[in-house]
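To keep things simple, chains are lettered A, B, C and D as they appear, and every chain counts its residues starting from 1.
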Amino acid sequence: MTAMNMAGFPILTTILMTTIVGLLVIIFIPPEKTKLIKQVSLASASLGLVLCLWLYHAYDFQKGGLQFVERVLWVKSIGIYWFNGVDGINLPMMLLTSVVLFTGVWTMWELEHRVKEFFALMFLLVAGVYGVFMSMDLFWIFVWYDVSLFPMYPLIAIWGGTRKEYGAMKLTLYLLAGSAFILPAILFLWAKGGGHTFDLFMLQKIGFTPYVQNVAFLMLYLGFGILAAVWPFHTWSPVGHVAAPTAVSMIHAGVLMKLGAYGVLRIGMTLCPQGAVYWSHLMALLGTIGIIYGAIAGLGQTDLKYVIGYSSVSHMGIVGLGLATLSVNGINGAVFQMFAHGIMTALFFSSVGFIYDRTHTKIIPELGGLSKTMPVASSFFIFAALAGIGVPLMASFWAELLVLTAAVKAFPVAGILACMGMILSALFMLRVVQRTFYGEKNPRWEHIPDVSKFLAVPRVILMSCILFFGLFPKVMLDVIQSTVIPFVTRF
Amino acid sequence: MNSLSTYLIISALLFSLGLLGILQRRNLIGMLISVELLLNAANLNFMAYNRFLAPDPVVGQVITLFVMGLAAAEAAIGLSIILALYRKMHSINIEAAQKMKG
Amino acid sequence: MTDFMLFLPELFFILGALLFFIFSLRKTPNPAGYHRWAVVLAAAGLLVTVASSHQEGMLFFNCYRVDLFSQVFKVLMALGTIWVIFSSGELKGIDTRQHAEYYFLIFVCTLAMMMLVSSVELLTIYVSIELSSYSLYLLVPMRRGEERYFECGIKYFMIGVTASGLMLFGISLLFGVGHTTYVPQLIKVLPTVISQPAAIVGLVLALAGFFFKLAVFPFHIWAPDVYQGACNQVTTYIATVSKMAAAAMIIRFAGISGGASPAMIKLLIVLSIASMTFGNLVALIQKDIKRLLAYSSIAHAGYILIGILTLNSQGYAAAMYYAAAYLIMNYSVFMVIMKVADDGHNLQIKELAGLHKRSPLLAMTLMLGLFGLAGIPPTAGFTGKFLVFAAALGKGYLYLVIIGMVNATISLYYYLIVFKAAYLLKPVKEYPPVRVDFWTQFMSFALVIMSIYLGVFPDRFLSLTEAAARSLF
Amino acid sequence: MGAIFRDPVLFATVLGANLPFFTMAVILIFTRHNPRLSSQLSVGSIAVSAVCAISLLAKLFFAPALQYQTLWFVSGKLNIVFGYYLDPLSLLMLTIVGIIACLVQIYSLGYMAGDPGYSRYYAFQSLFAWAMMNMVIAGSMLQLFIFWEMVGLASYFLIGFYYEKWSASQAGKKAFVMNRVGDVGFFLGLILLLLGFGNLGIPELNHAASTHGLSQGLLTASALLIFCGVIGKSAQFPLLTWLPDAMEGPTPVSALLHSATMVAAGVYMFSRIFPFFSGSHDAMQFALVIGTVTMLLSSSMAMVTYDLKQVWAYSTVSQLGYMVMALASGGYFAGVFHLTTHAGFKALLFLCSGIFIHEFHTNDMRIIGKQGGRKLKIPMVCITVGALALAGVFPFSGFFSKEAILSVLAAQPNKIWFAAGLFGAVLTAYYSFRLIFHILLPMGGIEEKHHHDDHGGSSHEHEEEHHGYIFWAMAIPVMILAGVSLVLGFAEHPLEHFIMRSVNVPGELAAHGGAALQTVAHVAAEGAGHAHESGSPMLLILGVSAGLLGIFVAWLEYGRKGASRKGFLSHVPAIWKLFDLRWFMDVFYRKGLDTFMYAGLTSLFTLNDRRIIDGGIDGICIFTEGSGRLFSFLQSGMLQFNLLLMVLCAGAAVLYFVI
């Protein structure tokens, strides 16, 4: 677990720095030079993407464990370390982040309103996300976690859509209320661990008493669960997504929601294995309710983004259920689902964003027949919908397979109910597809141009990601399970 | 009669009277006087403790002297503020000053 | 000679005060000149304070202790003073004839507070507190123009003297049970007599005076009116420098209550929770920024108390860190307020509308200040909160930390409202553009960098505060 | 990778099965705006696939079953294997799919000519061909499931091909969702097996079931669950209503997907793991009941509809019911054989109907008859051939397969299944000839109004010429299929030999595959043996007479001069309505979905989210702000009130300590 290669090049910090340097550069560009700002953004995002791809490639999954470790003592007196590293769990997340950021920046190419601030905030947000994923120190995880949350407020409130100020305020307060549980839990563990280290792996060796584990795990689960849209803390997801601008929705639903599940996995289940066992039934219950509830509630929505928001609730339920099984397959599936869902939702939101940019509505009954006028844009959405349904040979199918297999074994009733969710998700996804894209050609949208080749690129990248990992899940699962197999031995 | 508790009781009474005055008087001058009572209660305490208990008899007396000096300054400042208030509001009733709240 | 060196910062401020006293005697005021003088003097004062920051020793028959703890706070106060004086360039809230008096009182007040943090004798403490209070009593009603705010002066005075009366009475009782007014001795004696009612009453009443300074609930009642009613610069001074002194005093004095009395700790916990909750809740409904910040300062007093009530060096260090962070971020916010309301009027939240266009730099400074106050990383405010909570959990106060975090979430709401005004709202009428000179730009950058630097690299400053806290024991 | 090029069999398999996928990708990405090129690409690739399939069949006709596999990924103890399994059954099915898909695509060149979505059509056709072929030769149940879903996806797109039409997209959605219902059962069954048995390889499963390697409970449970998949895909009761609706798609699609191949996938899967199923008596009985009910119900529905394609759709459902009955009663070969012949003649029927529909722009058999449907000689002859095959008239292929099924049913101890089968045969003949007579002998002769009169002007000549190309593109596949229907029946014995042979499989595969096939042979031989013992002449007579009886009744009512042409069911309107509304199944589903799901749960949950959860949160916010207002009264303007508060608090603290 503690393979140290301190001497090596600090690749992780470099990845983090791509966003922070990008942010600083953007701050010093005059706001009128929007083109330049966008170019700088894209350049730094693609640098991050390249580095993450290289990282993914260079990670040795035969050896497994933590690699590319950087560890520096940061604050002596209470034991904070600048401690970064990747293993099979956060590596896919890093990749996801870089892909979504890259495509997100590209998607926002047509933005004209307060460009500079938008990209600056977006990079701040993503810096936080990278930070959470790569840090192995509780202090930094929390710092980056909060850093990634609060830019949501201006991002939604300034560039958002429906009821943006309400949505922004609600989302921000809701999510930061979650950290009202996380911070005490982290400090609680730190204090119970002797109060001299925030290093995740040093704390892991301590072995907390069952009481401490149960309390801390519950707090972490509640705190992070809010971000992971665990039922019944899911209502910010539809409201927030409806209000958010395209790229923000992409990053938020695609990456930020994963932070929640990742936090439970990385902090909760690592430090409190007994607590995880103790609360696993609760997690399974809430996960299953999320799957079914999200799908059923999604059936009745009339706003495209509401539908996707609810589908996210449902899909994140699968992640929750997978984690609850505490088994290799369940966690493999959960992590894979986090990746798959991230890419898929990003595609969803980027297509909806395009439709909204052109038609200025995302109310389903007002749309309809879009396939005729914008076949390419429609096909992106339909593709995402299929991925959401869990059509085989798309990445999320494998994830669902693994999670459900594990779930049926660990919690038969929950597993079977979760399978029923597959029917419901098909029903509501296809309903949306039918009402939005099929049907008579709508004269209102007749003269709307289809998505241009330039703007199609990010969507195509996302689509190919889904397909690639659907066809070759091994590429990801080998990496994931190199970490998960030793991980589950402690339950 | 010449015991510590007598002085303490008197000072406690003075203190209570001062407090009551502060809370009850609506006239600012009256309130200021009540505050002086508080200080004097403390002074009495210092002197009494000094007389009966303290090993070094100077301390209490010195403090009392200081307090008296400060009380004078306090009264001066207080009166000047009250005077200024009176010029603006033509009243030295505290009820005239209750616009800021919430 | 060494004694003289130990007292150098104070002497310097006495000198400044004297100079402005002389200025105040002049018939024809020269505000710009005073300001230049004041800036130069305060800057020199800061340098002197920094230069003498590593001195240690006792003065005035051991009534006056110069140690790392006091020197750190003196530096912070000198820093706050120069900031306030720096922002006093357009002192529109005060009659030009009174500018010299204003600077005089500021210097006196700083001097008094510097003495306060070094005092280890109840008498010295009392005298210093009174000296600083008297300066403030006079500074607060100095405001010109705004008739409706005049009442705050008398309120401040009345509450202040009542509190000091209570404190003095408390001190007299402490003297009675402890037979001494020398704090180090008192600390030794008090745990043995803490069961006596007189000791308890004395302690509670004496603490009341300090809590009054820090504006802890229920001794906060002056804060909203004074913040709102005093002119912007004076409010800034009260909100920053004065808070430092109060925090320092409580830290020094908290030892007296002694770890021996769990009931005392309970009291502190209750006060801290009450302060946080009351401050944050009432701040939710405020419209005037300064009044809002007053309530926020009440809440922050609660956070600082969390660090103090651990009664160990870690907690004190955290509280000191928090106080320093609070100084920086609070001044960031106030500087923006003073700049935006450069005619000295009271700024309403909605007047910040469109600030991001009128002055992006000020808007950013305001944003970082607000987020610091709200405790969002990577600002110093967050790290301070983190350290304070860590210290509390080190003692096992889990529920206190949870309540603190819930409060932080509530507070986020009103900080976000201010933020929203600055970044989102479209101004209803055309506000004049904000003039930002070079020094303000410089100051904005400096504040932003300090805030983030302290937040991200807390190690060095934290070891300093830890050393300072250890010097208390 | 290299292995693919070294082994010609593997190469042909991989190439044949996957070429259409690349065709689809190429069409969707590059040649969308060039319909001609798209169609050529697609037809070309499916032709290659068909050739590959045929040559594989020829090459491996006498060879043992082959299995290729590669480890796809490992997760925990789960080994997911990807591979191909080539045994007689899959080879036969591969050939059927290849040939029919090829013919249908050729036919579509004419049928779909000029359609704006021409390229898209061929892309989805290729998608289907790819998925179907991969499903057929899948080496494991999981892989089969994956492509099973992909086939469903292709079906969704093709049914909803005319997506401007609301009903079409609705039908596509319905098909997908109903299939999903079955698939979830299938999926759960697979998970159960995965957990209980740990391996989803088809030979391994069959072997384990036949050697009692599986516990009976697990076997029955998983078999029943997997059978849900069959119910969905092969439109068995109670999920049968999506198939008639699926006729919203273009007719060639109906021919290929919704009669010949895709819907038969359920039956194919049943026979694929037939030994596994036959390990569970209960599951087989259940399947038998379902098959019988389906067969009778859908026949009844076919008797009342006037829509050409609907008739064949219902008929497809009922024939699938037949196959399930056959398989469920142990008639492995009978089921597979009927599947084969049915694929041929049902495709034929649909394609012929397609020609009529294309000509007359209507689906109503009465109008087609009136407007001179019988003037189209080639389709008229061919459709009659198909109908005869469907009715089970000698010497058409349907006769042989139906006889095989009836003989298996007769061997069942309970004769009710046999009776139901016979009754079904009567109904089949009745409704198919009802249709034939409607077109062939329309009431009141033919109205002398040819549809070509609608056109005219300068484009007439061009139309005519174009029409020729279109017509022949459609006619040639039809004729080929008619020929197949004529001769296929006579291939019963070689086919049986091919399918049933117990092979000496070399290597480790012999252990599983061989034994599995032996079981098949054993079970089937038992069934056949019974059949032969119970007297095949008797059966023959019964079977033939059932078909003839049906035709006769149809002639009485629709064919002879002066017939009422209403059908005996019109005398009982209630029953007519019952049949016409599909036994109220759709109404039930619709109502159920509307009231329970949309009006019930969905609105409840939405309301819960808005009012209770969101409302609660907003309530907390309002409460917080309200308490802020409340607390702000503590800060009254009155100085002495504030002082009192302060003193009281201090006093309270003092009291607390002192007491």
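In this section, a contact is a pair of C-beta atoms (placed from the backbone, for glycine too) under 8 Å apart; a residue touches a chain by one contact, two chains touch by 3 or more.
Worth saying up front: this structure is predicted, and the values here are computed from it rather than measured.
Enquirer: When you average C-alpha coordinates per chain, which one falls nearest the overall C-alpha average? Tell me, please.
Expert: Of all chains shown, the one whose C-alpha centroid lies nearest the global centroid is A.
Enquirer: Would you mind telling me which chain pair, C-D or B-C, is linked by more contacting C-beta pairs?
Expert: B-C
Enquirer: Can you name the chain that lies farthest from subunit D, using the mean of each chain's Cα atoms as its centre?
Expert: Ranked by distance of C-alpha centres from subunit D, the top chain is B.
Enquirer: Please tell me the distance, in whole Å, between the geometric centres of subunit A and subunit B computed from their C-alpha atoms.
Expert: Taking the average C-alpha coordinate of subunit A and of subunit B, the gap between them is 65 Å.
Enquirer: Between subunit C and subunit D, what is the gap in Å from one C-alpha centre to the other?
Expert: Here subunit C and subunit D have centroids separated by 78 Å.
Enquirer: Quick one: report the Å distance separating subunit B from subunit C, using the average Cα coordinate of each chain.
Expert: 26
Enquirer: Express in whole angstrom the distance between the two chain centres, defined as the mean CA positions of subunit A and subunit C.
Expert: That pair's centroid distance is 42 Å.
Enquirer: Multi-chain contacts only, two chains or more: what residues does subunit D have there?
Expert: Those would be 632, 635, 639, 643, 647.
Enquirer: Which subunit C residues sit where two or more other chains touch them?
Expert: Correct list: 154-155, 158, 162, 166, 224, 282, 285.
Enquirer: Provide the list of subunit B residues touching at least two other chains, using ranges where the numbers run on.
Expert: In subunit B, the residues touching two or more other chains are 22, 94, 97-100, 102.
Enquirer: Return all touching chain pairs.
Expert: So, checking each combination of chains, I get A-C, A-D, B-C, B-D, C-D as the touching pairs.
Enquirer: Can you list the residues on subunit D that touch subunit C in the complex?
Expert: Spelled out, the residues of subunit D in touch with subunit C are 624-625, 627-629, 631-632, 634-635, 639, 642-643, 645-647, 649-650, 653-654, 656-658.
Enquirer: Applying the document's contact rule, which stretches of subunit C touch subunit D when the two form their complex?
Expert: That would be residues 154-155, 158-159, 162-163, 166, 197, 200-201, 204-205, 208, 217-219, 221, 224, 263, 267, 278, 281-285, 410 of subunit C.
Enquirer: Which of the residues in subunit B end up touching subunit C in this complex?
Expert: 11, 15, 18, 22, 28, 31-32, 35, 38-39, 41-43, 45-46, 48-49, 53-55, 59-60, 62-63, 66-67, 70, 73-74, 77-78, 81-82, 84-85, 88-89, 94, 96-100, 102
Enquirer: Which of the residues in subunit A come into contact with subunit D in the complex?
Expert: Touch list, subunit A to subunit D: 170, 173-174, 232, 234-235, 238-239, 293, 296-297, 299-301, 327-329, 332-333, 369, 371-372, 386, 391-393, 397-398, 401-402, 404-405, 408-409, 415-416, 419-420, 422-423, 426-427, 430-431, 434, 437-441, 473-474, 477-478, 481, 485.
Enquirer: Quick one: which bits of subunit D touch subunit B in the complex? Just the residue numbers, please.
Expert: 632-633, 635-640, 643-644, 647
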